[in-house]
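Next up is a structure, given as structure tokens.
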Amino acid sequence: MSEPIRVAVLGAAGRMGSTVVRAVQAAPDLELVAQVDAGGDPRAVADAGAQVAVDFTVPAVTEGNVHALVDAGVHAVVGTTGWTEQSLGRVRDRLGGAPGVGVVVAPNFALGAVLAMAFARQAARWFESAEVVELHHPDKVDAPSGTARHTAQGIAQARAAAGLGPMPDATTQAADGARGADVDGVRVHAVRLRGLVAHEEVLLGNPGEMLTIRHDSFDRVSFMPGVLLAVRQVLHRPGLTVGLEPLLDLGA
Amino acid sequence: MSEPIRVAVLGAAGRMGSTVVRAVQAAPDLELVAQVDAGGDPRAVADAGAQVAVDFTVPAVTEGNVHALVDAGVHAVVGTTGWTEQSLGRVRDRLGGAPGVGVVVAPNFALGAVLAMAFARQAARWFESAEVVELHHPDKVDAPSGTARHTAQGIAQARAAAGLGPMPDATTQAADGARGADVDGVRVHAVRLRGLVAHEEVLLGNPGEMLTIRHDSFDRVSFMPGVLLAVRQVLHRPGLTVGLEPLLDLGA
Amino acid sequence: MSEPIRVAVLGAAGRMGSTVVRAVQAAPDLELVAQVDAGGDPRAVADAGAQVAVDFTVPAVTEGNVHALVDAGVHAVVGTTGWTEQSLGRVRDRLGGAPGVGVVVAPNFALGAVLAMAFARQAARWFESAEVVELHHPDKVDAPSGTARHTAQGIAQARAAAGLGPMPDATTQAADGARGADVDGVRVHAVRLRGLVAHEEVLLGNPGEMLTIRHDSFDRVSFMPGVLLAVRQVLHRPGLTVGLEPLLDLGA
Amino acid sequence: MSEPIRVAVLGAAGRMGSTVVRAVQAAPDLELVAQVDAGGDPRAVADAGAQVAVDFTVPAVTEGNVHALVDAGVHAVVGTTGWTEQSLGRVRDRLGGAPGVGVVVAPNFALGAVLAMAFARQAARWFESAEVVELHHPDKVDAPSGTARHTAQGIAQARAAAGLGPMPDATTQAADGARGADVDGVRVHAVRLRGLVAHEEVLLGNPGEMLTIRHDSFDRVSFMPGVLLAVRQVLHRPGLTVGLEPLLDLGA
């Protein structure tokens, strides 16, 4: 068996970070060599000999952390939110001067959610109709969820690329809001229900048939397989990778 | 075995009426004695010796049909839409002068749909959250469906009777329509998808659990068990019965 | 506002017991007056002035606890498993000498699960076909679950009472196990899947329609509303009550 | 606009064949030039100038039809069942002598079903657990369905290719049949319910999450988009193509 991969966790005291710490400790092929709090110095991870650092800190510091890691030759897996096209571009530039170093930035590490989005996009061009229903706990402040919005946009792009027009919809008398939110021409419905966590359902319809792709997220441990997958693959993926999908080896 | 019940069908040439004709013919305990078109004379059914007439005609003539049937001492099972509190009240008055005669007027003969509504109402008081999702073919012009609206109203009444307040919902940033239509405080979402027929899902949530009640209607033959049930029971139910639920012997 | 109900918890250190402790502490109309470990003396709860005791101990001691509580005039709500017709009969006898004292023994306190079973039983007589699918985490040792077995038995009894014969099933070539387990003539299928907790789906079919009743249990907090309901009602329910359903005021 | 594709239908009087006839007539880019009964001479379609022939005949004649079509230089789209590795091999050989001619043989033309199988296979390697539930009308004689069996085999192959071992399952006390049929290590459950047509659900589980891929087939018109897709693509696909998946442009 080969040497374990040496891993550091930034934001180790947070809810996600501490879950990552436990997941790394439980994986036989990984070794936890450093834990740094969200405000801590990212250079500590290089001193500890880390090959890969996982960043679940806060939007205010994550970009700085990644630049420091790249400069130190440490690969990075980033789950912190708040990344923009601009901040991603700056990391891409920085990586230009660090050949061999890899960075994976992903908005969602639940493999099922990533696959659901990919499948929705692959299937969309083959169906007349497509709608998205997302269901969350009632403490969520935004509707629809970012994942549902992103899924709808993927469907809309796939339909446009295939030359599909608007979906059939004869509705002429609708109560306000009944038909959901319009995201690039795809209807998205947001349910809020005590007891739920995070769930998404993509419904695709053709004459005589329906295809449903549903993802249920019950617990944040669902992110761990995706985080560990990224840790293992980032070593062999120089440059910037956005989203987990390229790691999933889809297609055929 | 007892004599078969003698049944007439009004509106026998229509889509629903002709399906009823076939269902009556196939039932060993029923005998079809008359078929009348939507515009035909309802008194023909009494001449044919019918004990029960099933009316699937059109809103413009159904009330007149029922009055004529009651006067002739023929029990009636009515699936035609368009009944109001006023027209139901006039039938109730007419029945006052025809002791022993029964009339069942039902907006929905699918037993599963009637049960789903009844269960949603029974369950509603025990849950913090409840929402309704209805899904139909894209040629439907109204949203939400009458059944979904009726289901939501039943939920709202049950919650009010139990002294429950508004459902939890922290949404502060919602895209227009994302949270569905508000029917008496219950959120209702309408999906329109090629390939579907008529489907309804009631979602009820408490901390740590969800109860889902779903009805799928794939074909109008789903109305036949309810129609035949009403035909058999109306003989023993003098007066006006609205909806199939009282025939289903729930409770216990 | 009236005085809070004084509540004791037996088995307070266990997983369920400690969850009950927190739920009682969080309820404004209840006051926690005693916590006793599974092996502790149940008479301590009377000394502490408890009106109701909740027992989540172990099969070996629960019956003795209940007898002691009844003798001390303390109402009991029991969630411990392992009760038989015989042990229930002995408690019923004991209650004969304690007028006014109530005991609720329930195998399942999740309101949604209790409602799902009740609805399945109410609906069963109206459908040609009914099957049960239960889904659990893969660490469960028995299949099907007790709840699914109980649900299937309720369906079978309701069908028998309504004079229904066997369900339609033309299967002649089946791989071993494909059609599930036969519980009193009702097919029950058990899915085991990492990530799940405890889920049950009852499927009822008629020509052209399907009614689905599904319960999802995500977390043991789902039992708390049922436990608190029983605590509040047992004061007004002398004698033995088995199962939560009589407390749910179903029917009509 | 280009010339319409000239299409013949073999087995035009059958249930599937007559549905294909109507679908071809309704498609503006296709022209129906011949209808041949199941026992008719396939060479008639070449005489009628057909470029593509669709075969929904019977197992006894379909292979002979395809050989005759290939010899006549007519492309073929085949939905008749009963093909084996041997009969497919003979067609492949025949096509060796007919450069440019294409044949598509597909066991299932419902795009949703084909996609569901493809997605199940793509996703399988990323999940600890996977099971298949198929649901059909109660007149079906075999259980599980061929599609479900095929889906399970695809899952098993993907797991083996990724080096995954057996799925977690602690079951030690199971009622006979409760855990379904074992298809290459994947559990498959077959539900039979009046009112259903053909439905399949693939459940994939990881810690804290579930991915569900479900296909509902309500009506045989659901096969038509797949048939027409094959008609349009077979012109540009010389040689033998088995299954619709290669036509769906998945991956990426």
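When the chains are written out, they are named A, B, C and D in that same order, and each has its own residue count from 1.
As a convention for this text, a contact is a pair of C-beta atoms (placed from the backbone, for glycine too) under 8 Å apart; a residue touches a chain by one contact, two chains touch by 3 or more.
Worth saying up front: this structure is predicted, and the values here are computed from it rather than measured.
Enquirer: In terms of CA centroid distance, which chain is the most far removed from subunit D?
Expert: C
Enquirer: Hey, which pair has more contacts between C-betas, B-D or A-B?
Expert: So, comparing the two chain pairs, more contacts are at A-B.
Enquirer: Which whole number of Å gives the spacing of the CA centres of subunit B and subunit D?
Expert: Between these chains, centre-to-centre, one finds 39 Å.
Enquirer: Can you work out the whole-Å distance between the CA centroids of subunit A and subunit D?
Expert: 33
Enquirer: I'd like to verify one number: the distance from the centre of subunit A to the centre of subunit B, where each centre is the average of its C-alpha atoms, in whole angstrom.
Expert: Computed value for the inter-centroid distance: 45 Å.
Enquirer: For subunit A, give me the residues that contact two or more of the other chains.
Expert: 127, 195-196, 204, 206-210, 216, 218, 222
Enquirer: Sort out for me which residues of subunit A touch subunit D in the complex.
Expert: Touch residues, subunit A against subunit D: 110-113, 115-116, 119, 122-123, 126-127, 204, 206-225, 248, 250-252.
Enquirer: Spell out the residues on subunit D that touch subunit C in their complex, using ranges where they run on.
Expert: For subunit D paired with subunit C, touching residues are 127-131, 133, 135, 138-144, 149, 167-183, 187-196, 203-210.
Enquirer: Can you name the residues of subunit A that touch subunit C in the complex?
Expert: Contact set of subunit A toward subunit C: 195-197, 216, 218, 222.
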